[in-house]
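Several structures are given next for inspection.
In the two complexes that follow, chain A is the common piece, with chain B as its partner first and chain C second.
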Partner chain A sequence: MANIWRMLAQRLGLGLVTLFVISLLIFGAAELLPGDFAQAVLGQSATEETVAAIRAEYGLDRPFHTRYVDWLGSALQGDFGQSLANRKPVADMIGDRLANTLFLALYAAAIAVPLSLMLGILAALFRNSIFDRSVNALALTSISFPEFFVAYILILWLAQSGLFPSISRFSVDLPLGQKLYNTFLPALTLTLVVTAHMMRMTRAAIINLLASPYIEMARLKGMPPFRVITRHALPNALAPIINVIALNLAYLITGVVVVEVVFVYPGLGQLMVDSVAKRDIPVVQAVALIFAAAYVLLNLTADVLSTLTNPRLMHRR
Partner chain B sequence: MGTQSKDNPVLLRIRDLRIEGSSEDQWTEIVRGVNLTLRKGEVLGLIGESGAGKSTIGLACMGFVRDGCRFSDGSIEFDGIDLRKASRAEARALRGKRIAYVAQSAAASFNPAHRLIDQYSEGPVFHGVMSRGEAESDAVELYRRMQLPNPNEIGFRYPHQVSGGQLQRAMTAMAMSCRPDLIIFDEPTTALDVTTQIEVLSAIRDIIRQFGTAAIYISHDLAVVAQMADRIKVLLRGEEVEEADTYAMLAQPREDYTKSLWAVRSHARPEQPPVTDGTPIVSVRNVTAGYGQTIILQDVGFDIHPRRTVAVVGESGSGKSTAARVITGLLPPSDGEVFFDGGLLPPDYRKRSRDQLRQIQMIYQMADTALNPKLRIRDLIGRPAQMYLGLKGRALDDRVRALLSLIELEPEEYLDRLPSELSGGQKQRIGIARALAAEPKFIICDEVTSALDQIVAEGILQLLERLQSEFDLGYMFITHDLSTVRAIADEVVVMKEGRVVEQGPKTEMFQPPHDPYTELLLSSVAEMDPDWLTNLLAQRAAT
Partner chain C sequence: MQFLITTFWIVFFVAAALCLGWLFRTMIIRLAPTNFAASMRRAPLTASFGMLVILLYIFVALFAPVLAPFGEREIVGGEFLPWSSEHLLGTDNLGRDMLTRMIYGARNTVGIALATTALAFVVGALLGLLAATVGGWLDQVLGRTVDVLMAIPALIFSLLLLTIFGTSVTTLILVIALIDSTRVFRLARSVAIGIVVMDYIEAAKLRGEGLWYLITREILPNAMAPLVAEFGLRFCFVFLAISALSFLGLGIQPPTADWGSMVRENATLITFGDITPLLPAGAIALLTVAVNFVVDWKLHEASGLKE
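Our next item is the complex of A and B:
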């Protein structure tokens, strides 16, 4: 166990370094955007004097490194500065949105992860059967269509009949059942998009092991096929599956802008896109940093879980 | 080896068994009409070279065929149940419970994700023979009977935490867990060192006798089978050659093929007189080497002269291969030197000149993995000739053809083949040709015959011998197989735990007095005498 803690500390340290590098990149990338907030706000009426005045007012005229250090210093204390567009604290603007995004991501994951594991196991069990082929075909179809298309198809089928709302009204004080009902369609869309990847990895990782001598041994001990797969193959196939799940969860948090837009869901993705359009750099930076942190954290979790499932790493000779 | 088993009721009866395997969309027969009868408590040995269908028949005794194979004809009747007609569920109910299996590589056949005792208990609990608690205490009991160290504790380890010989015994214990009527042993000791093999053999023999279990013992090693079986059946390409009582079979084999199996072991080349003067081609002096903090070799030294073969023997982990890595410069030693033809070799191969590199070549155990699967034979052999000797075009082509003729492969036929289109023995010959292409003075042969059948191995050994006298080569022959040593060596170096225990001319080494460890190694080589193991164990118990 001491090993695990050491590894955890090591990975956390590395994660922090990664985040630091990313924060530099984010800050630098925002600098590279053509035009800045002052120009965007003033639009046609931008004269050199007005632009300079606005820059001075928001401190945009200070050199890059001082602004970066200031920004990082306060970001570390949870203060991401003020929005340039409406002068509200960025943290306030993000807070609710982050909760919404996490809610939708968890909702989709709660359906998609068990579903894809189950389908993957069944596909491996009945490999090359009609079932296997149709599950694969369906999964590939749903992953091949663009998200907005899947979303509109679902709206056509499930919202036009009045079964589910096509606009995901959402606020914190709604009862949980109502929340789940209102956001069912975006969650389903996301599920369809991420299931294929996880399902196929589960299937492939299991089938990859089926030629192993220990699988033959399990069959020769009289174990039925389902048990052979769940008890003998799956535990050895977990590492690649966990990693793919982590990647997809990260996607659910960071990559869902299109789905949010279609269902008018107030999540982080929409906020990010709006802020980019408005050159509201502090918001963009804060959201990007949150996305990066999600990636780092999920990958870290995947690494630790993969280690925990591998007796060779857990129990030294 | 129950002596009364002749009158026991029949347990397993196989009639005209035919099994087909698919290769490239074609079904070819791999078991061609085999009959087999086994009585309760009896042990039958199945022997033959690879491709004889031994394992396939062994699995068929459980009503099991591997993926890509199918039963095409015949019947398998186990205790009144027709296994070919039984439903899958009926067959599964027998497997593990009444017929159990012990695989060749226990290390690969134990599931790496579960503890030994969990895998032990799985069968009895699943088949409803015992509760989990009963199974666990039963496991400890059987681990004890299999003479495993710390029987109370060893079950709670994962497979990677247990040594190969111990795993093989744990697997036999696992096969016993439901007290089956029949156990199939598929080459259970082939992957083990001779000294470990004895422990496993005697533990297996004891336990099947204690429980009166019938067994089918599959091996390519006749001497081993002779220790275990009441009767022996010899197989060749899926057909029976002959079957007889073990004593009768060893005393008077009837068929030519069987006799040829016997004869392989008797090959021995005359020993060359020891060289006392002259410069050794390779001289290893006081070498200490290891990886990081772990020291593998301690103060190792030996000489190899031109036209002489020095066999380096020892169990796995004794440092044989590490010594080879030091000589080739792959592992620079922390202390000591290696001389080539009287000149000091730089410890690191990157510091050696092209000519120094050319002079020392290697042939590997697994020809399969030592040959680049994407290259044709022409390029596999041509590369070293091109690189070391600068041959090009016509000269290179001629050289490659000459090399192929040297290793007794028809150039026209083999030049443009890929390694996958060759048999195991042919691949090893290509490995030899590749080493020769550099025109070396010294070749390290690392277990080159261990993965081959006896008859094929014999051909390789003879080829190596011929090449040695033709090109004045010095050989360092790494092996754990003492019958190979007997066949080819002039001098022997015995290694244990990274040290040289004893060295000298072969005839001296095979005659007493020995170092105690050499004695242990020599006495552990199975002999063609059905009573060898019994006598040896009695002898060792007495001293």
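Our next item is the complex of A and C:
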């Protein structure tokens, strides 16, 4: 048991270090600005005095490290400073949107994970059959499609006939059923994009295992193929599959940006895109930090879970 | 009913694609020199269809000014005109000819994606091979840097960098190339690590060959096969990333004709059931599918797997 705790602490520590370096990178990137922050804000109207005033307002006259520590300290307490575009606190702009984005990502994951596991296992079971080939070709095709293409095809196909709304009206106080209905198309788009990856990797993981001697043994003693998969292959394929799921959930984080823009969904991704166009650096930094933290956490979880499901790593001699 | 029609079209397109692939393959087998024809004979229909599509795109990109009926930025009529004999695909939101912009898009979008991939490859592969050959602290420094850069989701990172440096084609190419070179670095390093320990490298070192000779003459030729396959896949990722950014309005800027931004500009038409905005998106999808099919075949062939 002591081993596991040490391992967990190690991974957690490594994750924290990564997050710290990322925050440094995100904050430090703004320093690379040609000229500086204040000149970028003012643009054409920059005069000596106004630049100095902005510098004082945002504390740019202080050295880099004190500003960074301040920024990180208040970010940890949920205060991301002030937006450049409309002088509102960034935290207020993010608040609800973070919850909305999480809702959409979870919704998509809830459909995509069971679906792709099932398809992956079936494809591995009937490999080289017509079913396997067509599922594979379909997966390869949908990996190659840009997200917005999938989204617009779904709009044309399902929203044109009036089945689902093409613009997802969303607010926190809608009843759950209405929320699920309104956001069905964005969730389906994300599902399609992610399922292909997950299904292909699940299939590969299981087929890899099917070549091992103990599977052949199980088959030779007359076990039905479905039982071979569920009892012998699946427990050992768990580690790679967990990895696949976590990696793709991490992928959802970026996929969400484009999909939110297509469906005008009030989430973090859309906020980020708008802020990039306005060059609203504090908002972009805050959103980037949140996305990156979620990404690192998911990868960390995958790492820990896949170790926990592998007895050889758990009880290392 | 709508569903049946859609299904019919999908089946029709798949069948047409396979037929084209078959025709192209038979033609190549007849015309090409023997050793190439022999490898084509074993190519699956998907791969030969992919090759046909890639050749077609190259042709269109090279001869865009000859093929296009109007100028790239020329306003030729009213806004959002429907398909007609004069404007085969109608006009866009500013009254420019849609077909013309599709054709020029092949040149701009694919060209920029190719340039970006090439840049990412030169930087990533060189640094990766260098890290593997030199080893020691250089390897450590480069490896850790790449680890950190890869810990941030690619799209988010590129959005951050584009905010800071502003949106222009040059920054777009540099930013995407930087992000993708980390992935190339990983692959090049891991391939080269296996080669560096070979005896012939040892022999070359004892001969007193320099670092540049070692990398370009001894290691690179042996690492070429996986790198070429990676080039195809990387191109797809870069192409999709650039299109996504252009679609978000942050990539290739108007008035340059580009497929990603064309979807964005004309997206309103979709709510009226017009499929015109889907054409540039489909053009992006078709090329990525084609490249994927060819790479899939090449990888399968290189791995020596037989069904």
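A few notes on this one:
Following the convention adopted for this analysis, the second predicted complex is superposed on the first by the 288 of 317 C-alpha atoms of A that agree within 3 Å, B and C clash if a C-alpha of one lies under 4 Å from a C-alpha of the other, contacts with A are read in each partner's own complex, and residues count from 1 in each chain.
Heads up, the rule we're going with is that a residue touches a chain if its C-beta (ideal position, glycine included) is under 8 Å from a C-beta of that chain, and two chains touch if they have at least 3 such contacts.
This one's a predicted model, so the numbers in the text were calculated from it and none came from an experiment.
Of the two partner chains, neither chain B nor chain C is touched by A:69. More residues of chain A are touched by C (comparison of chain B with chain C). Judged by the touch definition given at the top, the superposed model places A:264 against neither chain B nor chain C.
Using the contact criterion defined above for the overlaid structures, shared-chain residue A:110 touches neither chain B nor chain C, since it reaches no partner. By the touch criterion defined above, A:311 lies against chain B but remains apart from chain C after alignment on the C-alpha atoms of chain A.
Of the two partner chains, chain B is the only one that A:223 touches; chain C does not reach it. Those residues of chain A whose C-beta lies close enough to touch chain B in the complex are 211-214, 216-224, 227, 231-232, 235-236, 309, 311-312, 315-317. Contact residues of chain B toward chain A in the complex are 59, 62, 64, 66-67, 89, 92-97, 100-101, 103, 105, 108-114, 122-123, 126-127, 157-158, 160-161.
Taken together, the chain C residues at the contact with chain A in this complex read 2, 6, 46, 147-149, 151-157, 159-167, 236, 240, 243-244, 247-250, 260, 263, 267, 270-271, 273, 275, 277-278, 281-282, 284-285, 288-289, 291-293, 296, 307.
By the touch criterion given at the top, residues 18, 21-22, 25-26, 29-30, 32-34, 128, 137, 140-141, 143-149, 152-153, 155-157, 160-161, 166, 250, 253-254, 257-258, 261-262, 272-273, 275-277, 279-281, 284-285, 287-288, 291-292, 295-296, 299 of chain A touch chain C in their complex.
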